[in-house]
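Chain lettering (A, B, C, D, E and F) follows the sequence in which the chains are written, and residue indices restart at 1 in each chain.
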Amino acid sequence: MQLPYLFIFPLLLAAASDALVQDFCVADLSLPAGPAGYPCKKSASVTVEDFFYHGLTTPGSTKNKVGAGFAAAFDAQFPGVNGLGVSISRLDLEVGGLVPIHSHPSAAELVLVAEGTLTFGFISSYDNKVYIKTLNKWDVMVAPQGLLHFAINTGNTTVLAFASFSSQNPGIQTTPLALFKNDFPTDLVAKTTFLDVEQVKKLKALLGGTN
Amino acid sequence: MQLPYLFIFPLLLAAASDALVQDFCVADLSLPAGPAGYPCKKSASVTVEDFFYHGLTTPGSTKNKVGAGFAAAFDAQFPGVNGLGVSISRLDLEVGGLVPIHSHPSAAELVLVAEGTLTFGFISSYDNKVYIKTLNKWDVMVAPQGLLHFAINTGNTTVLAFASFSSQNPGIQTTPLALFKNDFPTDLVAKTTFLDVEQVKKLKALLGGTN
Amino acid sequence: MQLPYLFIFPLLLAAASDALVQDFCVADLSLPAGPAGYPCKKSASVTVEDFFYHGLTTPGSTKNKVGAGFAAAFDAQFPGVNGLGVSISRLDLEVGGLVPIHSHPSAAELVLVAEGTLTFGFISSYDNKVYIKTLNKWDVMVAPQGLLHFAINTGNTTVLAFASFSSQNPGIQTTPLALFKNDFPTDLVAKTTFLDVEQVKKLKALLGGTN
Amino acid sequence: MQLPYLFIFPLLLAAASDALVQDFCVADLSLPAGPAGYPCKKSASVTVEDFFYHGLTTPGSTKNKVGAGFAAAFDAQFPGVNGLGVSISRLDLEVGGLVPIHSHPSAAELVLVAEGTLTFGFISSYDNKVYIKTLNKWDVMVAPQGLLHFAINTGNTTVLAFASFSSQNPGIQTTPLALFKNDFPTDLVAKTTFLDVEQVKKLKALLGGTN
Amino acid sequence: MQLPYLFIFPLLLAAASDALVQDFCVADLSLPAGPAGYPCKKSASVTVEDFFYHGLTTPGSTKNKVGAGFAAAFDAQFPGVNGLGVSISRLDLEVGGLVPIHSHPSAAELVLVAEGTLTFGFISSYDNKVYIKTLNKWDVMVAPQGLLHFAINTGNTTVLAFASFSSQNPGIQTTPLALFKNDFPTDLVAKTTFLDVEQVKKLKALLGGTN
Amino acid sequence: MQLPYLFIFPLLLAAASDALVQDFCVADLSLPAGPAGYPCKKSASVTVEDFFYHGLTTPGSTKNKVGAGFAAAFDAQFPGVNGLGVSISRLDLEVGGLVPIHSHPSAAELVLVAEGTLTFGFISSYDNKVYIKTLNKWDVMVAPQGLLHFAINTGNTTVLAFASFSSQNPGIQTTPLALFKNDFPTDLVAKTTFLDVEQVKKLKALLGGTN
């Protein structure tokens, strides 16, 4: 009796390290990453749980000064997206809550509103034009890679939104934290942003910066 | 009185065709696309509406034999995603509805369940292993690029889900349509799939194929 | 007497780990791969044998139900192609032999006929159009990445063909094996493919599937 | 008498549109760009001037409030870099002059100091750490793609520096201009940056913003 | 009676320019290419002939001083490979024939010997090591992108070989032609290659150079 | 008292291996590289020194037969550029000094003249056209990836120039060294370059080759 010929593929391809003979590369977070992502787990240890993430079912805490909760499903939380060029996060905003101005150095963001009314905007680098729009349930908007953007709950109910990214690790640089939540010397911050020294000191105090 | 020096950037950069001096490339759908996407609209004609899409607020019709509705926000519908490497679509499934086996030749898919209970699975090319999981509200799962996957409403209520993609144009190849909804000769289909000729004829009749 | 100045390059560049100071990255198959491929062997251990492969000189066995033999020169067999974005495989088809419907999730395929008459086709995802052509000695045809394709020996002599790929690891997902050679539950297969349960059971039995 | 065989290549390759049969793609700035850059000029009209740029020999004016002059050799000014993934710009800083906080959404920047003493820094998105260093003649420093960075002349003489980029079109988003030199409503700026309304109004007045 | 739901995809996706709604981009050679390749033909005008090439069935003429014939299936000859990252060419070598030292600036090359005995080699840029091997029927060897390589018929019969490339347009720079078959001034050639002026003049005369 | 919400990001993202949660990947030169570069150093051990390089402040020795000094800031010398797609090198040329014909297999080169008069040229692969130009202080010129180019000090003073590259590891293949500074058999060199055997022997003797 004969084997169906297509047994040939797995047998042949399994002859060597099997990492790449699969069409995915689940992150082995115990090894150092490289520019393209994390090394792949051996196929024998990959399970469906690697491709599934339950962590977006509960909001991040909104008990903070901006009334915003955040939960991410990037490669560090969701190893199955390693090498796939896509990831997602959850955003919860109390009434009046907001996401401060920030950018994602490594990804474009596509925001989907699930509940409430969200005003979302990004700023062009060409002419500083502000592209701003108010989104309601199941509206989507996209912010290009690396450009400053923000989101505000401008409705009367909480906002729930999901942001998809064009990278497994979009990165997040939040402008006020980048400027004020560190030891960046106050005079340099003031000079390079045109802000008043008093304003810089006030925000360093608020956000936990020094110098 | 002097201009702030940074006026220099837009003036200088606007000297030539401004298409690339922006950090985005909104699709001009009136021009032929290339391997990397569509040519960019001139910046003067870009508006916030290019980056916004309202078309996912209404489900695609589920009045069909699989009880599934589909709406896409790919580059052809949502020009702002051109060149950004991300897009999204909406899926509605009646009770018992399903998405037949299909693949996306150009993208990984990240599915987010918004309502109901969805059983989602993909099949590895390495060992034909089926990675299958039942997802509930705000669970996510990812299917690697190019691999066969499917989704079924296995709950007692309708399902609403959103699929994000790692490309502005993921492509969709639905296996039963690829095999049976065309003029692919019945004997070739049968030979290359191991299906019985009668089965092939039956599905060609069902799905609108010929030969 | 002086050294020619260009000795400077190797000396200087060899100062650190030399892996990248070569213009190639031969796969070290003993280390886990990442999304971009395998880590590079140290240059001291690279030899011409890494860039040469003899394994396509003998056909894979065609003693199987489809009369097809297959031999691959992908990164796992041919470490020199690691990182180079190209690989090749050999196909032998007995008279009447065929390659079942399959796709390569990670590469386009360019097929070259060396002996006999081969009917090759792929299916568009846009309109399910079948692009099919009969190839003779030294004819070539290309199948785009991720699309279903097949090949049949439609001549009176054996076929020998070679398929080149746009990746060092194209991946191979063979539709009948993906659907029937695993534990994918029969009712789910039937529902998601529109096939009859009896047909699914018959092919699971034929191809070694369960459930 | 015979032609050297290698005449074959240009003749054969010139059979069709010759744009891609060269190993470069000089920008045709009269046509709309796409996500990968501008269409290529026909080879017949390409000259050495396309690959040469004289525009960095004269500084941009430093007669402005930051004492900084800028000149770019990006694709819009220097068509020969189209598709090549590299470009360069010139920076002149008077004593005390500076480049405000900004980022390049599409490129990493490598700065080379030619004259004077330049303090250069960038801010990590991971922990808001400020990587700051004072550079002298022929020192180099790199800022990763998309991260906020700045430069200040901290010496007693003018600074001349050149910044190389990993893209033909790095993009430049200058934080104070993005926030204050547009019609971004004052209350939204204040809310999303934690700045005081008075501060925002002051900078809008200074930089030419409205609302 | 109802339409199968999946009619939805082509209808919906065809709403706009259909170029990208297919999973391929057949070159429209009548339009200027860009850095990523040629614009796509409209799907209505795409036929199977775009994906098929018959031009490798006849050898290029070997009536030349190196006894070598060449035929290419690059994008300019074979529009179906546009955007797919793979192409192929045919090489015929008389007894004693050879391919002079050359490189492909944009692709790695994988050579497959179909008839005869071919000695193939490439030179590393790291330590100038020559990786050289004699190949027989169906042996394969790979040369990394951009590195100098050559091939010689070292057998007693003609050689037929096929070279696959990791690009639709690999480019070919043949060292002796680059140095001697142009108006590159003799003294500059001599200085920058360390060759004697007499040698340069001799080869310019042989290959059709001037100056 | 409450933490500002944005503390959430670093805490959450630091949950796993932090290599990729930064927006850079400083090379860990102690580990083997892969096709995309070196593995990343752990963020805790990254310092500003990784992004800074002082090694271009001193010229490479010009005490050699071409009167040229070279110093590189590629990934092996400058770990901060790993994964960033940009690097730089310094070139010093005595009066009459030159850089022999060479190519960079992995990068385009943008040359900037800092002192003196430099004649720079590259050769097209399409028609062997020599694009040559004499550059003075702060002129720039670009050479496309993989194409042969050279530089000569054609002035009366020393030349100082800097070359930026579109890769962290451009590679350097110097034609005379590739042909003559190794054990490449003299007869093969002669045959594949059209050079006279005597010329080849003379250059092997000059450059340290054998055979």
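Following the convention adopted for this analysis, a contact is a pair of C-beta atoms (placed from the backbone, for glycine too) under 8 Å apart; a residue touches a chain by one contact, two chains touch by 3 or more.
Predicted, not measured: the structure shown is a model, and the values here were computed from it.
Considering the contact criterion stated above, the chains in touch with subunit B and with subunit C alike are A, E.
The chains in contact with subunit A and with subunit E alike are B, C, D, F. With centres defined by CA atoms alone, the chain at the far end from subunit B is F. At the interface between subunit A and subunit D, over half of the residue numbers involved are used by both copies, so each side presents largely the same positions. Taking each chain's centre as the mean of its C-alpha atoms, the one that lies farthest from the centre of subunit C is D.
When the CA atoms of subunit C are superposed on subunit F, the rotation angle comes to 120 degrees (nearest 5).
Note on chain placement: the centre of subunit E and the centre of subunit F lie 26 Å apart, centres being C-alpha means. Between the CA-based centres of subunit C and subunit D the separation comes to 41 Å, rounded to the whole angstrom.
For the pair subunit A and subunit F, the distance between mean C-alpha positions equals 34 Å.
A straight line joining the Cα centres of subunit A and subunit B is 21 Å long. Of all residues in subunit A, those that touch two or more other chains are 13, 18, 21-23, 31, 34-38, 100, 105-106, 125-127, 144-147, 171-174, 176-177, 181, 206-207.
Contact between chains, using the touch rule, shows up for A-B, A-C, A-D, A-F, B-C, B-D, B-E, C-E, C-F, D-E, D-F, E-F. Of all residues in subunit A, those touching subunit B in their complex are 10, 13-14, 18, 21-24, 43, 47-48, 51-54, 56-57, 73, 78, 80-81, 84-88, 90, 107-110, 112, 114, 122, 124-127, 131-133, 135-147, 162, 164-166. Those residues of subunit B whose C-beta lies close enough to touch subunit C in the complex are 98-101, 103-106, 121, 123, 125-130, 144-148, 150, 152, 171-184, 188, 191-196, 199, 202-203, 206-207. Within the complex formed with subunit D, the subunit B residues making contact are 2-6, 8-9, 12-13, 15-23, 25, 28, 31, 34-42, 82-83.
By the touch criterion given at the top, residues 29-38, 60-72, 74-77, 100, 105-106, 169, 171-174, 176-177, 181, 206-208 of subunit B touch subunit E in their complex.
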